[in-house]
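Residue numbering begins at 1 within each chain, and the chains themselves are lettered A, B, C, D, E and F in the order written.
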Amino acid sequence: MGQVKLVNYEEASPEVRAVFDDIMKTRNTDYINNIWRALAVNPALLKRFWGQMKEVMIKPSRLDPLTKELIYLAVSVNNNCDYCINSHTFAARKHGLDDAMLAEFNEVVALANAGNRLTMGLQVEPDERFKPKHADKPWSTGKKSAAKSRKK
Amino acid sequence: MGQVKLVNYEEASPEVRAVFDDIMKTRNTDYINNIWRALAVNPALLKRFWGQMKEVMIKPSRLDPLTKELIYLAVSVNNNCDYCINSHTFAARKHGLDDAMLAEFNEVVALANAGNRLTMGLQVEPDERFKPKHADKPWSTGKKSAAKSRKK
Amino acid sequence: MGQVKLVNYEEASPEVRAVFDDIMKTRNTDYINNIWRALAVNPALLKRFWGQMKEVMIKPSRLDPLTKELIYLAVSVNNNCDYCINSHTFAARKHGLDDAMLAEFNEVVALANAGNRLTMGLQVEPDERFKPKHADKPWSTGKKSAAKSRKK
Amino acid sequence: MGQVKLVNYEEASPEVRAVFDDIMKTRNTDYINNIWRALAVNPALLKRFWGQMKEVMIKPSRLDPLTKELIYLAVSVNNNCDYCINSHTFAARKHGLDDAMLAEFNEVVALANAGNRLTMGLQVEPDERFKPKHADKPWSTGKKSAAKSRKK
Amino acid sequence: MGQVKLVNYEEASPEVRAVFDDIMKTRNTDYINNIWRALAVNPALLKRFWGQMKEVMIKPSRLDPLTKELIYLAVSVNNNCDYCINSHTFAARKHGLDDAMLAEFNEVVALANAGNRLTMGLQVEPDERFKPKHADKPWSTGKKSAAKSRKK
Amino acid sequence: MGQVKLVNYEEASPEVRAVFDDIMKTRNTDYINNIWRALAVNPALLKRFWGQMKEVMIKPSRLDPLTKELIYLAVSVNNNCDYCINSHTFAARKHGLDDAMLAEFNEVVALANAGNRLTMGLQVEPDERFKPKHADKPWSTGKKSAAKSRKK
C-alpha cells in the first residue's frame, strides 16, 4: 500500500488533469501509471517531474531511447527500487529487450558492482592517463562581464 | 595510496605475467592499468576478474560496446567509485562520448535516482501490467531426470 | 580535476549566461559555484537543474529552508558525495548550524543507518498500524473522462 | 516473515521486560513495535539500541523533533528500508506532516540524489570557499598531559 | 514474480543441465535454488556466475566458510537484497549461526554504517598511520620484458 | 580538511578527556585517532559512540575479533568510506590479514555485490525453504502483563 492515495482522473484538479492529459497524449495511451497518480498529491511536483521525464527520456537526444532506458534501469537495479525495475524493464522490453539480453544487461551491472568494490576496497588510485587534461581558471568577474555584455 | 603495492612486470610471477600479456594483447597496448597491477597480489583473483571482464565487456555480444560502457559507468557513478568513473569515462570517450553527451548521460543517471527515490519514499506499488506473466513451476526431480537423460 | 572544463562567464553562450545571471541575482552574489560551471557544457541541462533547485530549495514552501538543507545534506552524507557535503554543510552553516549541531545532525544520520540495517538484516515486517489506510481504486476511463470534461 | 521470532511480553526475560516497560512508559503507549520485539532475541543489543534511540531521537536537543524525524526518514528512503519508511512516515505524520508535505519532502530527497549524481558523475571539485578554514594540530602527548592533569 | 521464468531441469539445454548437475553434486542436494533457475535464461552467464561462486565461496581458502558467508551477508544487508539475505542467512545458520549471533552480526553491520556516516558526514581525514607505506613504481616496459622473458 | 577542528587533549573538557583516557587505556596506546578528536565537538556523542564501539567491537563476544573487523570492513567498502577502509584495514592487518587475504576478502565483497544485483535485477523471489518457519503472535497486553508480573 502506497503512502498516499492514488489520484483518479475524476477527482483530479484541473492542474493535475492537464498533466494526466499530456502523459496520455505523449505516450499514446489512456492509462496512467501509479507513480503519476501518487505524485498528484502535490500538483507542482507532478508537473515538474513529468516535465523532466519528458525532456530527458522521451525527447530525442544524442543517446538513443533504449540506451537511456538501460542507463535508467541500471540505476534502478543498483538502488533496488522494485517499482522502477518493474516499470523500466517493461519499457525496455518494448524497445526489444528479451530475456537473454536482460540477463546480459544484469551481468554488466553485476560486474560493474564487483569491479567497483575491488577498486574501492583496495583503494586503487586512478592512472594519470585517465584524468582529464583541461586547465580550469578561477571564476572571473561574472557580474562585471555580465554588465559589460549587457552594455554591448 | 592503494592498500597494496602495484605489481610490475619484472617482479611478477609467471601466472601474473600470463594475465598481463593477455591484457596487453587483447587491448593492443603495452600499458597495464593500476587495477590489474593491484589485483596481482592474488593471482587467482586477477585471473578470474580479467576473465570475466574479457567475457562480459570485450567479447562481442547482443549489447553494443558503448552501451555496455555506459551501463558500467552508470553503476560506477551510483557507487561513487572514483577510479571507476575515471577509467570508464575514459573508455566511453574512446567510443565517441563527448562532453555534452557525458552531461546528458549523467542527467539520465540523476533523473533515475530522483525517480527511484520519489517512488521508494511514497512506497508506490508496481502496476499489474508491469509484472511478468509467466507461471513458474516448482523445481522437479532434477537428479532423476538427470539420471534418465544420462541413460539416453 | 573534474571530467569537464569549468565554463567561465566570458566564454559562455547567451543561454548559459542567462542562467548564470539568474543564479547571481537570486543568490545575491557575483560568484558561481563549480557545479553550475560544469553543467554549462550542456546548457539545456544547466537550465533544467537550476530551475529545479530554484523551485524546490529556494522558493518558499511548507518546509523551512534549514530543514530542506538538512534533508539534502542527509542524502549527500548517505551517498558520500564529497562536493555536496562541502557545499550543503556550508549552506546549512549560513542558516545557523554550528559544529555541535552538525555533529548532532550526523548522529541522527548515523542512527538512522544503524536502525535501517538492523531492520533490514532481521527482515522485520512493518506493523499493521504503520500502514496507510486509504483504499486505492483502479485507474478509470481517463480518456473518456478527459473527453467528457473537455466537452463541458 | 522476519528472520527471528517476535518476542512477546509474557515470554520475555526480566532484562527485556525492563526495556519494554521503558519504551511503553516513554512513549505513553501499551504497544511495542515489531523492531523492538525482534531485537529482544539479543537483550544487550535491544538495551543498547533503545538507549541510543531515546538519547538521540526523543531527548530534547537543539534540532527539533520533526526535523530529526525527517532526517531519519531521508536516510531510510535512501536506503530503501521498507519498515523504516513505514514507521518514520507514521511518526512524522504525528508531528503534522500531511500528504502534500510528504511529497515535498520526497522531492527534496529526490533532488539531492539527482544533484549528488550530477556532481559525482562529472567529478566536480569543491570550491575553495566551501572548505572549512581551521588548522588542525597533530595529536600531542595525550598520556603525558593526562598524567599531568591527573597530578593536579 | 521474477522477471524471467524459472528454468526446470526437464526443459533445460545440455549446457544448463551440466551446470545444474554440478551444483547438485557439489552441494550434495537434488534441489536447485531459484537464482540458478533464473540465470539459466542465459546459459553462458549461469556458467560464469556458478563458476565464480564455486571458486570463491566453496573452494577452501584462507578465510573460513562461515566468515565468508558473513562477509557476503553483510554486503547483502547493506544492499537490502531480500533474496540474498534470506539465502545467506539460511546458509550461515547451517554453519552454526543462531538467533543471538545473527542479531550480534547485524549490530556490527549497523555500527559500521553508523561509524561510516559519522566519518563521512564530518569528512574526517585518515590518520597518517593508517596509510600503507609501500612505494609504487610506474608501469615499466611490460611488452619488452615480456618479449625478453619469452626468449629465455 | 574535516568539517570540524580536531580536538587536542590540552584543550579538551573533562568529559572529553575522560573518553580520551578510556580509549588510550582500553587500546593500550597514547594516540587518539582523528575520528574521536572530531566527535569531541559534541562530547555526549563522543561518549555514546565510543561506548558502542567498546561494547560491540572490543568486548569479547560470540563472533571473534577478526570476523567482526571483516564484517565492519565489508560495510565500509560497500559504503566507500575512505577513512573507515583505511582504519579498519589497518586494524584487520593487526589481526593477521595479509595482502593476499585482503584481496580474497575483497573478492567476496565483490562477488556478493555481483550476486545481489543479479538477483535484484531479475527480481528473483526467495525459495520457500529459505524462509524462517516460526509463527509470530500479535503483541499482547504488555502493560497488564507488566502490572501482573510486578505484583508477583
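A few notes on this one:
Basically, a residue touches a chain if its C-beta (ideal position, glycine included) is under 8 Å from a C-beta of that chain, and two chains touch if they have at least 3 such contacts.
Being a predicted model, the structure only gives us computed values, none of them experimental.
Copies chain C and chain F of the same chain sequence form an interface built mainly from non-equivalent positions, shared numbers / all numbers used being under half. When chain A is laid over chain F using CA atoms, the rotation angle comes to 180 degrees (nearest 5).
Using CA-based centroids throughout, the chain positioned farthest away from chain C is E. Farthest chain from chain F (centres taken as the mean of C-alpha atoms): A. If you average the CA atoms of chain B and of chain E, the two centres end up 15 Å from each other. Centroids of chain B and chain D (each the mean of its C-alpha atoms) stand 34 Å apart.
Averaged C-alpha coordinates put the centre of chain D at 29 Å from the centre of chain E.
Shared interface positions of chain E, defined as residues touching 2 or more other chains, are 1-5, 31, 39, 48-49, 52, 56, 73, 78-82, 85-86, 89, 100, 102-105, 107, 109-111, 113-118, 120-123, 131. Against chain C, in their complex, chain B makes its touches with residues 80, 85, 89, 99-100, 102-104, 107, 110. The touching residues of chain B, when paired with chain E in their complex, are 1-6, 8-10, 17, 20-21, 24, 30-32, 37, 44, 48, 52, 55-56, 131-132, 134-137, 139-146, 149. Residue ranges of chain B in contact with chain A, taken from their complex: 1-4, 31, 33-35, 38-39, 49, 52-53, 56-57, 61-63, 66-68, 70-76, 78-79, 81-84, 86-87, 89-90, 100-101, 104-105, 107-109, 111-127, 129-131.
By the touch criterion stated above, chain E contacts chain A in their complex at residues 3-5, 39, 41-42, 45, 48-49, 79-81.
Listing the residues of chain A that touch chain F in their complex gives 73, 77-78, 80, 82, 85-86, 102-103, 105-107, 109-111, 113-118, 120-123.
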